[in-house]
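Going in written order, the chains are labelled A, B, C and D, and every chain counts its residues from 1.
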Amino acid sequence: MPSNLDDYRGVCVFIEQARDKIASVAFELLGEGRKLADKLQVPLSGILLGDNNIRALAGDVIAHGADIVYLIDDPQLKDYTTSAYLAGSLQIVNRYKPEILLLGATTMGRDLGGALATRLATGLTADCTGLDIEEGSRNLKQTRPAFGGNIMATIMTKRHRPQMSTVRPRVMRALVPDPSRQGKVIEEKMPAFDMTARVIDFICQVKTDAPLEDAEIIVSGGKGVGGAKNFAILKELADVLGGVVGGSRKAADAGWVPVSSQVGQTGKTVRPKIYFACGISGAIQHLVGMQTSDVIVAINTDKEAPIFKVATYSIVGDLLQVVPMFTRIFKKRLGTPE
Amino acid sequence: MIENKFDAIVVGAGPAGTSAALVMAQSGLNVALVERGDFPGSKNVMGGQIYSKSLNEIVPEFWKEAPLERVVAEKRFWFLSKDSKVSVAHKTPKFAQPPYNSCTVLRAKFDKWFVGKAIEKGAFYIPETLVEDVIRDNKGRIIGVKTGRAEGELYAPVVVAADGVNSLLSKAAGFHPELSPENVALAVKEIIAMPRNRIQDLFDLEGEQGCTIEIAGEITKGMVGVGFIYTNKTTLSVGVGCILSDWVNYKMSPYDLIEEMKNHPVVKPLLEGGQIREYLAHLIPEGGYNAMPLLVSDGFLVAGDAGMMVNGLHQEGSNLAMTSGKMAAETIIEAHKKGDFSARCLSLYKRKLDESYVIKDLKKYRNSYAYLEGNRQLLTTYPEIINNAATEFLTVDGVPKWEKQKKIFRSTLKKRNLWGLIKDAYSAWRAFG
Amino acid sequence: MKLEDKLFLDRYVVDNIPHLKIKDPSVCTMCVKKQCLYTCPAQVYKEEEGKIVVSYEGCVECGTCRIICSENLEWKYPRGGFGISYKFG
Amino acid sequence: MKIVVCIKQVPDTTDVKIDPVTNTLVREGVPSIPNPYDMHALEMALQIKDKYGADVIAVSMGPPQAIDVLKKAVSLGADEAILLTDRVFAGADTWATSYALAGAIAKLNPDLVMCGKQAIDGDTAQVGPGIATRLGLTQLTYVVNFKNVDVEKKEIVVERKLEEGPETVAARLPALLTVLKEANEIRYASLPNLIKSVKLEPQVWDNKVLGLDPDLLGLKGSPTQVVKIFSPPLREGGKLISASEEEIVKIVDQLMPQIRSEASCAI
């Protein structure tokens, strides 16, 4: 049953936060949402759910481009659970009827998005990498990879509102925050709902043990690293970038990295934002496991190394010199203390 | 009913095994067909022709439903020198009419269909299961097989080993010796995609008709072997195979040789614009009659490639496989009637094979490979001689034809003396004639 | 097209249990001919720092290596359902 | 305990390409396989069965050939199999798919529903949450481990894997879990189970059995439409760069926007 499309207006972003900290994907979506809202000449809003200090975050949402922040502050929203967050966001969307609703394609965004779209009886396009407004209509064109990245598809939700997307993190650009931006904060009450799950434990492991498959930055080493000791150089770069260390089959066979860190056909398939391939020649077994990385930086002394055929940046040189150079320059840019 | 007891177990769902299972099932036997591949055909490679006669006896009028690529209406033979070819071709309307002579197929599709037919007739197909060994009773008779799965025993009074050239099963059973590098060929092949109309044009084909090209000479660098190009609907099967001991001794890599063959000035234009879709490699049992293993023992029969039943010279294998599979089945059907699965009773299989083209042909060509290996000039010098002769004879340059003939004869004698030519002709007739 | 790229076109259901194993690597070190390096149609065997490395994942299960090196190679088929899976054949 | 496992038949996506001429999907020779994530969900269901005892029912929606994935499930140890097949189901997006599946699952009234995290063809991760929402099941996505299942108390404790680390959640049954690949290693079928699967004739349910609103099923009931497909831009190797400080600085500057300035959990 198509919804009455004209009742819906505005672009809205679900502001993902955990433990009083806004996820960077939310700022990226505000940046993209701003563009879409300007094209449609409608306001951009954010849905901010949480407890306790949540109000303090509203200003940041506005500074990043929102005109309105819908906010619910409730102790039941302390931890993310589907039932609580679904109830809260549903109430806001039903009341304020945005025509576009964006969420991050994160575990939280995808958990909530699927539930929310079902309840709203509308379409949801997952893991988008491109958004645009169709000329002539107000429809949202949502572009996403499918079939493991072998094809791209553009998807539209023409007869239902809101048009919902989850958007892959670190594809969109956040705006430079402007603390002087003005916006409205509208507070809502938490509706009654049935709480079916509770979080009983959470262990923060970002730095120590981000699993390889989910890592956004991977610094991987192969035979050219030359020994377990030299992996320290790779680890240092990984630490600076908040990434993890991986290895080719040769590195794993030699015991330089644990087998669980092996990338490739018999190891893990990874799709990080940036993949550093240090001293990896690029045997096909390895390429299969990493070639869909967004950016590949390959460092190898051999000009003919097959890895260079898939690399975004093909650096011919000794990794023992090049990797520390990267570490030093990134540190400088990131303001990491020496 | 006990789940793991059958009237017969067939190991390997290729042409031999599937034929055996189908024929047995058709006559009402409860037969298990065990295949290790992901799906039937997923492990199977051949140049790409099936021969109608043998298949038609198993699935009458198969061409009405089998996933065939093209009907082979023309057979071409090329003799290549470094940059030239002499071509012999035979085309006849007989080949292009049912029941046809041969058809090109892609095994992944064909075998799936063929196994489907066996299932239709009542064969019990067990997929994705590797048979590792035979099970014997206390008298040493084979009464079943052990698979690579938990609780993996299957029982039947008779087992057909149709598990292909490597036949690890008959080795495990202890009566197939390890193959020697002289007795197998290693072939590599590529599936090259090409639009249909381009194939029609390049190969001069009508409608659903196709052709096969066997290529001898320069491309095998003196190794005993042959190249081939077969036309499929929208792909070509292109490959080259040589005796394994030659690959070893000539220190040649198959993947290099197929590239060189594809880049031969005569071959290259036919492949222009094609896209490689798949790369394959397989062994072909070329040992012939002299290298055939024992085919029968108590409760055990060997069929198809596992029994070395390939006529390499004529590029035949799938037909021998199907016929041997069928004969194994007929033998087992008889054995079931008698309730006797002893080697003596099952030796009917051997007699059937002996009386058929299978053994007759294999016997006829028993010495052909040894002959080629001892007479490599046939693979190197001769293609060069005939190409030179053809070039000379067909060049219009004002030289009288009789003088040309003399010149050809003289240059031929330079490469091989008269006595050598006469000897070659005689011994070749003995080996192949 | 290079062999590596061709093998990439093939479909494999990779088993995490290797089906090819060199029995005694020291025999390979002393092997003069090293036929496995050039006859294997899938280049499963490569020499690195004097050692033979076996990339069983790319094996097409033809059996060539088994025949030319029957003494020092433990050669099995992959478990049923695994290994090369030709789409055309 | 009754556990329903949803299994989708998918093309082995590594082989799916776009024909540059016709701009359609090339699926010739592309084999169909059970969605790998779903197999890990099945394995988890079987492990729960091994530990607590359960009836595991595999459900797949698709064309008649989808029976293959149900056979696979039975070969690994599923007790029953149901194939949802009907032309009106065809062409469904995730919304319409979860409508049909939820309709079938409602008839089975399970304690647990298990799905893979996502299917490898669509990668949407939406059908699981869709089913849970429609049936009012507790939704537990990104599960890597189950710690306790107590049917009497109607409680399950699982470990979910979030970006920042593992989270343990206690939830009320009935619940729906979506499972990650790293949750387990898939077992290798025993021969008796394999033979059982070969003989399997699954229950086949069409919409006459389900009695769902045809306007909400299949293509017709799908809010989203694919308006265009195209090949992703080809990845081409960059040209070779020398390892000078100047070049590396250039690369770092281009990479900077991709890098998080902070990499920690706020606690």
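Note that in this section contacts are C-beta pairs under 8 Å (C-beta built on N, C-alpha and C of every residue); 3 or more make two chains touch, one makes a residue touch a chain.
Quick caveat: nothing in here was measured; it's all calculated off a predicted structure.
Write down the pair of chains with the top C-beta contact pair count.
After tallying contacts for each pair, the winner is A-D.
Just grab the chain with the largest centre-to-centre distance to chain C, centres being mean Cα coordinates.
Centre of mass proxy via C-alpha means gives A as farthest from chain C.
Where the CA atoms of chain C average out and where those of chain D average out, how many Å apart are those spots?
34
Could you give the separation in Å between the centres of chain A and chain D, each centre being the mean of its C-alpha atoms?
A distance of 20 Å separates the two centres.
Taking each chain's centre as the mean position of its Cα atoms, how many Å separate chain A from chain C?
Here the centre of chain C sits 40 Å away from the centre of chain A.
Counting in whole Å, what is the centre-to-centre distance of chain B and chain D, each centre being its mean C-alpha position?
Between these chains, centre-to-centre, one finds 43 Å.
Can you list every residue of chain B that touches 2 or more other chains, as numbers and ranges?
38-39, 108, 127-129, 147, 149, 277
If I count partner chains per residue in chain A, which residues reach a count of at least 2?
Those would be 288.
Please set out, as single numbers or ranges, the residues of chain C touching at least two other chains.
7, 79, 85, 87-88, in rising order.
Show me the residue ranges of chain D that touch chain B in the complex, using the header's touch definition.
Residues of chain D touching chain B: 29, 31, 188-192, 194-196, 198.
In the complex, go through chain D and note every residue touching chain C.
The touching residues are 12, 14-15, 29-31, 188.
Per the contact definition, I'd like the list of chain C residues that touch chain B in the complex.
My answer: residues 1, 3, 6-7, 9-10, 13, 33, 35, 38-39, 41-43, 60-64, 66-68, 70, 76-89.
Enumerate the contact residues on chain A facing chain C in the complex.
223, 249-250, 253, 265-266, 283-285, 287-288, 306
For a test of understanding, state which residues of chain D touch chain A in their complex under the given definition.
Contacts found on chain D: 11, 13-14, 16-18, 25, 93-95, 98, 118, 120-130, 132-134, 138-142, 157, 160-172, 175, 181-182, 222-232, 235, 237-243, 245, 247-249, 251-253, 255-267.
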